[in-house]
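In the two assemblies presented below, chain A is common to both, partnered first by chain B and then by chain C.
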Partner chain A sequence: MTALGVVGGVLQAAVVVGGAPLLLGLMRQVRARLEGRAGPGIGQPWRDLRKLLRKQSITPRGTTEVFRVAPVLLVAMTLVVAVVAPLVTTASAVPAVADLFVVVALLAHATVVIALAGLDSGTAFGGMGASREVTVLALVEPTALVAIFALSVPAGSTSLPAIVGTVLDDPQRLISPTSLLAAVALATVIVAETGRLPVDNPSTHLELTMIHEAMVLEYAGPDLALVELGSAMRLSVYLGLFTSLFVPWGIATTATPLALGVGVAALVVKVGVAGAVLAALEVFLAKLRLFRVPELLAGSFLLALLAVTTAYVLG
Partner chain B sequence: MTSNSAHTGPRRVVSTVAADALPDRAAALLAGGARLALVAGHDDRPSGGGLRTVHLFVEPGTDVRTELHVHLDPDAPSIPSLAALSFPAGRFERELRDLFGIEPVGHPLPRRLVRHFHWPRGWYPMLSDAGPAPAFGDPDGPYPFRPVDGPGVYEIPVGPVHAGMIEPGHFRFSVVGETILKLKARLWFVHRGLEKLVEGRSPAEALEIAQRVSGDTTVGHGVAFCQAVEDALGIDVDPQARRLRAVLLELERLYNHVNDLGALCNDVGHGILNAHAQRVRERLLRLNEQVTGHRLLRGAVVAGGAAVARLPDPTVLAEAAADVAEIADLALGHSVVHDRFAGTAILTRDQATELGTLGYVARASGLDVDARHDHPVLPGELPRAVHTRTEGDVLARFQVRREEIDVAVATIAALVEHIHGPAHRTDPRGRRGAERSGVGITEGWRGTIVHRVELGGDGAVRRLKIVDPSFFNWPALPVALADTIVPDFPLVNKSFNLSYAGNDL
Partner chain C sequence: MLSLWQAIRRVGRVAEPAPAGPAGPAPAAAGELAGSVQVRHVDAGSCNGCEVEIGAAFGPVYDAERYGARLVASPRHADALLVTGVVTRNMAEPLRRTYEAVAEPKAVVAVGDCARNCGVFAGAYGVVGAVADVVPVDAEVVGCPPRPETIVAALRLLTGR
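And then the complex of A and B:
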């Protein structure tokens, strides 16, 4: 545990928690402007959270602790990833946790917790959403693991800071087939895991078409605020990991205030741009028929597999 | 078979038949190509009669309208069921049973239609001695959903309160995985008693209510009601006024079709096309306001004619149509949107015929039903749309409506040339004194709307029966949805876009 790691971890957590709703707001605003609407401004998700936090907490009759702790666990697990993953700095507060498999498992775990809460609510929508989410998850996690694994081959380590460090030392690796294939595969993973188009429609009001939203329909008040915050943080963490892996410049390698400041600024800019691009692309997309989603995800898994193969073949 | 046959008007034949002769007469009419357009119950006890049913059959093309009146014993009212002859008849009979207590004898599925669980037992609101609604309580027995059994089958209850701004309806899906085995739509959450409300009112007052049957079909129901009153009073409406009404009907069709094309894109997550469709819709609504002083065209149609502030500008409409054509091309050129629409929830031609569907739902399944041509008020003046896709899927319903937008704009442009001045009215008072009945049939944007009115000696409405096309089309939705997946339901529902309020009066 280094000083850089500790300071960086605290900074990362603060940036992700404070910035995640703003990122969501930015993405909604980009979409609104591109559709010719005025949009509510990028601060709207924070205003929504403030409103929800002031409300009374109610839980449906018949639900158990699973339903009540799920929002906390979702935020907590995402927060752990936000602390340890290489976002602002390559040094990790807890290097052992900054491992590829641990991070992917933590993120998947958060999804499972929410799916369990959806089942626990006992409603048809909760079960339906959980069933869909787990289907997507089962197809997405192998892709995520294999894609990042492809990137770990040159580094010779599954530690995420080590992977990022290797890329920083040798930026030419970024334009290798391995890196490009893995980037496309990971982008698909992010879209599917964070419930964006074309897999899920984050802005729909149609209960029957929802995936993520269907699971959390029963939440209200502060619990809903946590779920919304957790979902926004997941999006930020995924995009942060993506940019660190493929556009690592600016990430802090020393503990000087300047380096950390640059690291934070670089993270904010990179994730902001990535989010804006994602939102802009979404304008041109429509939601896939549910049964076509596995085809998309199988395609992304194939790309990830090719990435690993080329990583070994091309060295 | 027939007794007291009499002509009332050039095209309507009214016969009084004995109850047991009804099925044979109905079978002959249906075999002759007629369609059962309306079944109304009547309580004539205040004027010294008993209970009565009126079956209205209409023939497309010849536009002969045949009414079969059956007088019933008020103490034990029953009619032989026509459900075996016509599916819509079976639904009308269930409605009769719920509202009048008239028993359809031999009905294969005499379950409740309008009456929800909490309606008091034995209380029939349309009877003249029903009185004010009694307090809820003593509910009329259980009202279960038919369970679907099997490994892995589960139920999804949706509604009647939905997440979006939609009318109330409860949908019960029986599902395996994501595939719909059975869908039961339970509607009738918005029963306002409109038909009771208009009783005893003057036609002008009743028109205000008729325009509000379904908020998006102001002109359609207004025109149908006015036609019925004019038919009853023997008023011959000036062709200029008829053209003006046709223009208003097309304006209503336009803004609704544009709205729904955008909404269909939105339901597959392609929001930008919806944003643009809503922009076009807003332009059309503002045009409506310029034309009639009301964004939803309220108040322009009156008994005896129609009056607007100014005529619509065809160039504005042509621009809107060009925008919509671009939106529709972008939608269908998008491979994912096309994939979502094509082959989804097919309503076959046979199913559409059997169920008696109307409007664009029927036309998208290849049926040629259109009151503008089957029951013309402007013979030969209105162009008829030729539909390129009639497979009965969501894509076909999208295409049919898109094509109707172009036809509507062309129709308005052609008609406006022949309308001189913004107001055309005939004295709506007509002849008084006699008790008269009249039928109005018009093609609203959803399909054929039928109103049948009976006026008392004082000129007030004694009975008005309203039939919205949604009444015919709702049963088609679950049929089309068989083997469709649950997440496609909202899209399919929107492609039908049926009225809950028009269905439940």
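And then the complex of A and C:
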């Protein structure tokens, strides 16, 4: 545990919690403008959260503790990843947790917790959403692990700060086949895991086509605020990890205020641009039929596998 | 993809300029909602004329979302119910349950003449009554069907934007 790691961890948590709803607002605004709308402004998700926190809390009849603790666990696990992952700095507050396997497991665990809450609500749509989410999760996790593992081969370590550090030392690795294949695979993982098009439609109102939202239909008030904040944070953390792994420039390596400031600014700009590009591409996509989703995810797993193979064969 | 991009460039912005801000007495819940209203639409027995107009109000031209209103899929997520049509016998109980499922503070907007006073269906055999006979109503939208502008104006009273 270094000073840089601790300061960076606190900064990362603040930036992710404060910025995640703004990122969501930015993405909705980009989409609204491309649709010819005026859009509600990028501050709208924060207005929604402020209002939800003031609303009455409802415990639906028949739900248990699983339903009540799930939103807190979702935010907590995502927050742990936001603190330890290399987003603002290459040093980590808790280096042992900044491991590829731990980070991917924490993010997956948060999904499982929400899926359990969906089952716990006992409604038809809760169970259906949970079943779909876990199906997607089971197909996505191996891809995420294998894709980042391909990047860890040159670094010789599965520690995420070490992987980012290796890329910073030798930027030419970024245009290697390994890196490009892993980037495409990981982008598919992010799209599937954060419930974006073409896997899930984040703005759907049709229960039969929902994946993520079907699980949280029973949440209201402050619990719903936590679920929405947690989902927004997941998106930010995934995009932050992606940009750190493939566009690492600007990330702080020393504990000077200037380096940390540049690190925060670089993170905000990179994730903002990535989010805007993702939102703009979504305008051109229709949601994939549910039974076609495994084909997309199997394709991305193949790319991840090829990335690992090339990492070993080409060195 | 290229043709869609060209269409986006050609059409540009279709949202009409925002009219003057909300006027008139705001419903009691508006203060606590502070610029963000999630709306659940309930069809209690409508002819679907009002639904078409609600669709237009949330479409690109009138763009009710720019004032902070958003349609949601669950009454648990909602702050306001947008009820259309006369309340038929089969929908009276579902409407009551939907109202009970919404967390406080909540508001009900009766959209269209049928929802306000049963319109042409007053006295029909399957009709329980207007929306106000079943759940408390905070705002009303006049018209058969109501114009999208008036629906947007009623929603702006709630969002206060």
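Basically, the second predicted complex is superposed on the first by the 315 of 315 C-alpha atoms of A that agree within 3 Å, B and C clash if a C-alpha of one lies under 4 Å from a C-alpha of the other, contacts with A are read in each partner's own complex, and residues count from 1 in each chain.
Assume a contact is a pair of C-beta atoms (placed from the backbone, for glycine too) under 8 Å apart; a residue touches a chain by one contact, two chains touch by 3 or more.
The shown structure was predicted, so the numbers you read here are calculated from the model rather than taken from an experiment.
By the touch criterion defined above, A:47 lies against chain C but remains apart from chain B after alignment on the C-alpha atoms of chain A.
Look at A:34: by the touch rule set out above, it reaches both chain B and chain C. In the superposition on chain A, A:205 contacts both chain B and chain C. Once the two complexes are laid over each other on the shared chain, residue contacts for A:257 go to neither chain B nor chain C.
In the superposition on chain A, contact of A:57 is made with chain C only, not with chain B. Once the two complexes are overlaid on the shared chain, A:128 sits against chain B while remaining clear of chain C.
Residue contacts after overlaying the shared chain place A:218 against chain C, while chain B stays out of touching range. With both structures placed on the common chain, the touch criterion links A:283 to chain B and to chain C.
The interface of chain A with chain B overlaps its interface with chain C at residues 34-37, 204-207, 283-284.
If you check the complex, the residues on chain A that touch chain B are 31, 34-37, 124-125, 127-128, 197-198, 201, 203-209, 283-292.
For chain B in complex with chain A, the residues that touch the partner chain are 154-158, 162-164, 178, 265, 267-272, 275-276, 279, 334, 336-337, 339-340, 485-490.
The touching residues of chain C, counted against chain A in their complex, run 1, 4-5, 8, 11-15, 18, 32-36, 38, 60, 63, 65-68, 70-74, 76-77, 79, 101-105. Here chain A touches chain C in the complex through residues 32-41, 44, 47-48, 50-51, 54-58, 60, 204-207, 210, 213, 217-221, 224, 283-284, going by the rule given at the top.
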